[in-house]
Amino acid sequence: MYDILIIYKENDMNISLEHKEALSGLIAAPLVGYTKDGSVDTSFIHDYASLLSSNGVNGVFINGTTGEGMSLTFQERKEVAEKWINTSPKDLSVIIHVGCSSIEESKQLAAHAQQCGADAIGIIGPTFYKPAKMSDLVEFVAAIAQKAPDTPCYYYHMPAINGVDFPMIDFLKEAHGAIPTLAGIKYTFENLMDADLCRQYADGQYNILHGQDETLLCGLTLGATGAVGSTYNFMAPLYVQMIDAFTQGKAEQALKLQRTACDILQCMFECSSYFGAAKVMMRWAGIEINGIRLPLSDIQPHEVAKLKEKLNDVGFFSYSNTTKAATGKEEKIVS
Amino acid sequence: MYDILIIYKENDMNISLEHKEALSGLIAAPLVGYTKDGSVDTSFIHDYASLLSSNGVNGVFINGTTGEGMSLTFQERKEVAEKWINTSPKDLSVIIHVGCSSIEESKQLAAHAQQCGADAIGIIGPTFYKPAKMSDLVEFVAAIAQKAPDTPCYYYHMPAINGVDFPMIDFLKEAHGAIPTLAGIKYTFENLMDADLCRQYADGQYNILHGQDETLLCGLTLGATGAVGSTYNFMAPLYVQMIDAFTQGKAEQALKLQRTACDILQCMFECSSYFGAAKVMMRWAGIEINGIRLPLSDIQPHEVAKLKEKLNDVGFFSYSNTTKAATGKEEKIVS
Amino acid sequence: MYDILIIYKENDMNISLEHKEALSGLIAAPLVGYTKDGSVDTSFIHDYASLLSSNGVNGVFINGTTGEGMSLTFQERKEVAEKWINTSPKDLSVIIHVGCSSIEESKQLAAHAQQCGADAIGIIGPTFYKPAKMSDLVEFVAAIAQKAPDTPCYYYHMPAINGVDFPMIDFLKEAHGAIPTLAGIKYTFENLMDADLCRQYADGQYNILHGQDETLLCGLTLGATGAVGSTYNFMAPLYVQMIDAFTQGKAEQALKLQRTACDILQCMFECSSYFGAAKVMMRWAGIEINGIRLPLSDIQPHEVAKLKEKLNDVGFFSYSNTTKAATGKEEKIVS
Amino acid sequence: MYDILIIYKENDMNISLEHKEALSGLIAAPLVGYTKDGSVDTSFIHDYASLLSSNGVNGVFINGTTGEGMSLTFQERKEVAEKWINTSPKDLSVIIHVGCSSIEESKQLAAHAQQCGADAIGIIGPTFYKPAKMSDLVEFVAAIAQKAPDTPCYYYHMPAINGVDFPMIDFLKEAHGAIPTLAGIKYTFENLMDADLCRQYADGQYNILHGQDETLLCGLTLGATGAVGSTYNFMAPLYVQMIDAFTQGKAEQALKLQRTACDILQCMFECSSYFGAAKVMMRWAGIEINGIRLPLSDIQPHEVAKLKEKLNDVGFFSYSNTTKAATGKEEKIVS
């Protein structure tokens, strides 16, 4: 359907010797839910995966920032990972994020992810101690990645949160060859030039996933063929239309859709908790997801009401999955 | 020529009651030069202006960051401003930046700019004391702007340098109506979503100039019709071709050109001094510009040699103005 | 011995209704060691504890930043905590740091620490997600603390590492009453005014532990009666002498000793890895501690040699525990 | 009177070949005032200088941060400098701060300060462009200092405001010998270890002025013999008593006074504008100083009332100069 966005799935393709593979299109970073007693809730994951897939999402990035991976216990991370891997439709790639503050736990999570059949793993830079030099970071990532030696690995770059802010082009230069399974970078930062230098590095063999929903159109313009984001959870149809417009050269329509996405994001940013707002919106999209762990917090009822009103004004509800989920119909809204 | 990039010039148009005007296309931020005794050199400005104009540049932003405005004395800033206003070709809009640490000196520079016939003024947020709240910033800008009551005014947003980092959409909401001459923002920051929210604010009446050369293509994608930058000084033809490709829907060609621009910028970033490298490149483009003021510094001869080699590899010299300047021919390279 | 530094031990005193207790004097933050296969090594902890105690150290802060708590697995943290609690001499208070990125794991570590008989627990603010407002932070700490309801709790303030940088006086105002076991703050930051406001808050009921070895003398001047630090591991005798001099009003001698401490610290700061240098110095002090986990790294042999030379010049070896440890004698060097 | 605080005055001593001199005790950073039409007001400076001197202040630091030096025009800075130099009592040392964003204007201000007879000059690091390396900073300072070749020069270190944050011990190592008039550093930052390393450098020949009023007692403990601050303007008697207590070894009393100073500072920090609060307090101390320049702002009447109440509670009015100024008596409050 999208000529620039060809979807590869590990089990459908011949993995190259270098264990690289292209993951493309929209990759959602699913939210996590909790039961009333505060333990992790995996009951809705099957429906969640189906909904995403039916809305045009090609993959999921599990246990990352949006998925509160750092707030889960070691056991819970494994439980959530297993559920997503086991219940996702075949056409939904599952990337398991295994980064945490202890490199030893990350190694174990990496081995577990491969054992369960993850399509790829993700590794964020150390979240407490900072690497003093680039080689420390590369060694850190390499040591984890080699515990999943047959699974493509994505470095997760998000300096605004973890403070590890080396230019990624320098990371690639040092990691190239040193991390055999390195497949690309989940580039969640606004340095679009650095991201694009990475995209061209080594004849373009690395898959640089665009990481900020509010500038996806810019990412596409710069050659990104895949993107990871949190709002792909509940408004993928909007982005699918935008990618479609972009691919067909309809610049004006693509911009109009990106602007609607930004209007929606701005409504979220104006809430007291971005994550709290996202969970509300996911429920509106049809998935009964509840709870949040401290230090994150839910938004209050009066905020929910205000958010609904504002989202209605900017057109959110024509792009969320509500109707479809409500009716149970799973044909694509856009086609 | 460019249907989305219509050029308005103050003296060619009927200024609206609100003193707004659109400044579009490429706006270079010229470098400043010094004589051997260290005083400011204005002798080459006439040729510099002609060169820019002949290369497709539509305006200049004088005494800003690239132009070392903050390193000039009060008198020197006036001298440089006058020379650019008086010797620029008619089709080159001249914006005079009047921001400095003293609001009183800024007021005088604003009055002077209007008196000399500047097409617009620019005002950076305070560069030493930080405004405690948005209204302090708006009052600061308003007090300066009203000393040039008939001249469109651009707020100069560059938080990475001066640390004044309010979201610009919030600035516009407070400044709208309070600064009658406010025409737009020179948006030199990577928050492209905030920039675009500004672009749409108040029915799009504000001109949000894209401010980072390395992402101009992203800016165009998001609806920018004008851009201020430092590399437009010596490689405007590349960007003119890129805008042309973008306008004609040739996405691949536009990206190829943006990538070449980034390769060139990366060569500059790798030098010990970005400004020092820029002055060398400007000389290669045909303008005899010399000297630099502390704390900035020139690059050393061995760096110059290495820079030349690297720039040659990435194709800089096919896009700089060298040949044209050397032969004195002024027809556009691109058409 | 030190009239301003009276040592309380939980098992020696009647815990007040509020579960507060004063922990005073020098509290070392022990380093962690690993066996050759990379697993945690607890074999030397008994000797380590004895050495510290014999050198005038009154307490230990286990699994904190110096102790690589964030690099250990959940199981390893429990193992290390148990060993310190079980093998420490009676006069050495043991504080177990239980903070980590998952609040659920922190709760379990808190319960475990109390069960094992820890004298106190420490809780750092969230290390990945940042609390949006003070009440989120207080709720986060409270939820963990209440799993060790009979154990005094110290908030661990170290904004330079985890980016949670609320003024602590504001934290105390909100936490006072809301966290019944709150006993004080491990204040590892240079805002000495804020620390001292905390010290005076609520009639001085909170124990504000000074947290930067390089300014311990300033802390004492401002009324601190206890301090947590990493160099108390291997040069406690110097600090004991300094506290002694301070207590006796010998300002000049106290300053001379603080300056020697700073000279030693400066030698460490000049190494490629502060933690790597600390481990070498601990070995010189007599404890066979090895290994380090990525992203931290050891210092190279040539650095070790240089460090030794520099430390010798500034007099480190007269204050480290070398001789004492070597000879097995445990009488105090200072008395 | 204070054996550790011996006061040297340029005109009373034989300047050493190296043009060093010790400036000690309390150095106030006077506030600036404006007339109703917004121009600078110098009418009260004579009384201001007398008041400071009679309250135990030994020097003034003119046109610095507290004195809004960066908000004044070039001409105004010269006017204010001249007035302070010409009307100050003999026992009040006058340091003229000459730093600004343009090195050329700074050079002229330095020459002017020497010509007018300033006791010393101060130079802040560049306030807009940042030096790329230490040698750029040293060259910047050296170039300005040599325009006042017979006047001791103080480097003004305040990284929190201007972002130039090299360790000062590294600065001294590079500047030593390269800036012949370098006499010391106005160290307005909380890195007390770095400050003290500077204090000991080169056999202690540099005068490292303590720069944060809230930790003056710590500075004294670490060997500082002079301090520059803003609250020495209106509550010098408190600090004089504190220095006295410290010198006499009365640690408890000194701490009590430092805590009162911090309580007062906290009242100021809680205002919407620290500078606005300072001006109000200066008026209460007897000097009719008015106006403020954007982006700084005055505090509102309701804030003034609240401030007065809070300051009364913490005892400010027993330490301000009010009575003395009101009665015109100039004998020292403390003796």
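Just so it is clear, A, B, C and D label the chains in written order, and each chain counts residues from 1 on its own.
Quick note on the criterion: contacts are C-beta pairs under 8 Å (C-beta built on N, C-alpha and C of every residue); 3 or more make two chains touch, one makes a residue touch a chain.
Since this is a predicted model, take the numbers as computed values, not measurements.
Visitor: Going by the contact rule set out at the top, which chains touch both subunit B and subunit D?
Guide: For subunit B paired with subunit D, there are no chains in contact with each.
Visitor: Round to the nearest whole Å and give the separation of the Cα centres of subunit C and subunit D.
Guide: 37
Visitor: Between subunit B and subunit C, what distance separates the C-alpha centroids? Give it in angstrom.
Guide: Centre separation, subunit B to subunit C: 53 Å.
Visitor: I'd like the Å distance between the centres of subunit A and subunit C, where a centre is the mean of that chain's Cα atoms.
Guide: 38
Visitor: Tell me, which residues of subunit C touch at least two other chains?
Guide: none
Visitor: Make each chain a node and each touching pair an edge, then name the shape: line, ring, star, complete, other.
Guide: ring
Visitor: Any two chains that touch count here, so list every such pair.
Guide: After working through each pair, the chains in contact turn out to be A-B, A-C, B-D, C-D.
Visitor: Can you tell me which positions in subunit C touch subunit D when the two form their complex?
Guide: Contacts found on subunit C: 190-193, 196-197, 200, 214-215, 217-218, 221-223, 249, 251, 254-255, 258-259, 262, 265-266.
Visitor: For the complex, give me every residue of subunit C touching subunit A.
Guide: Going through subunit C, the ones touching subunit A are 38, 68, 70-74, 76, 100-105, 108, 125-133, 136-137, 139-140, 143, 161-163, 272-273, 293-297.
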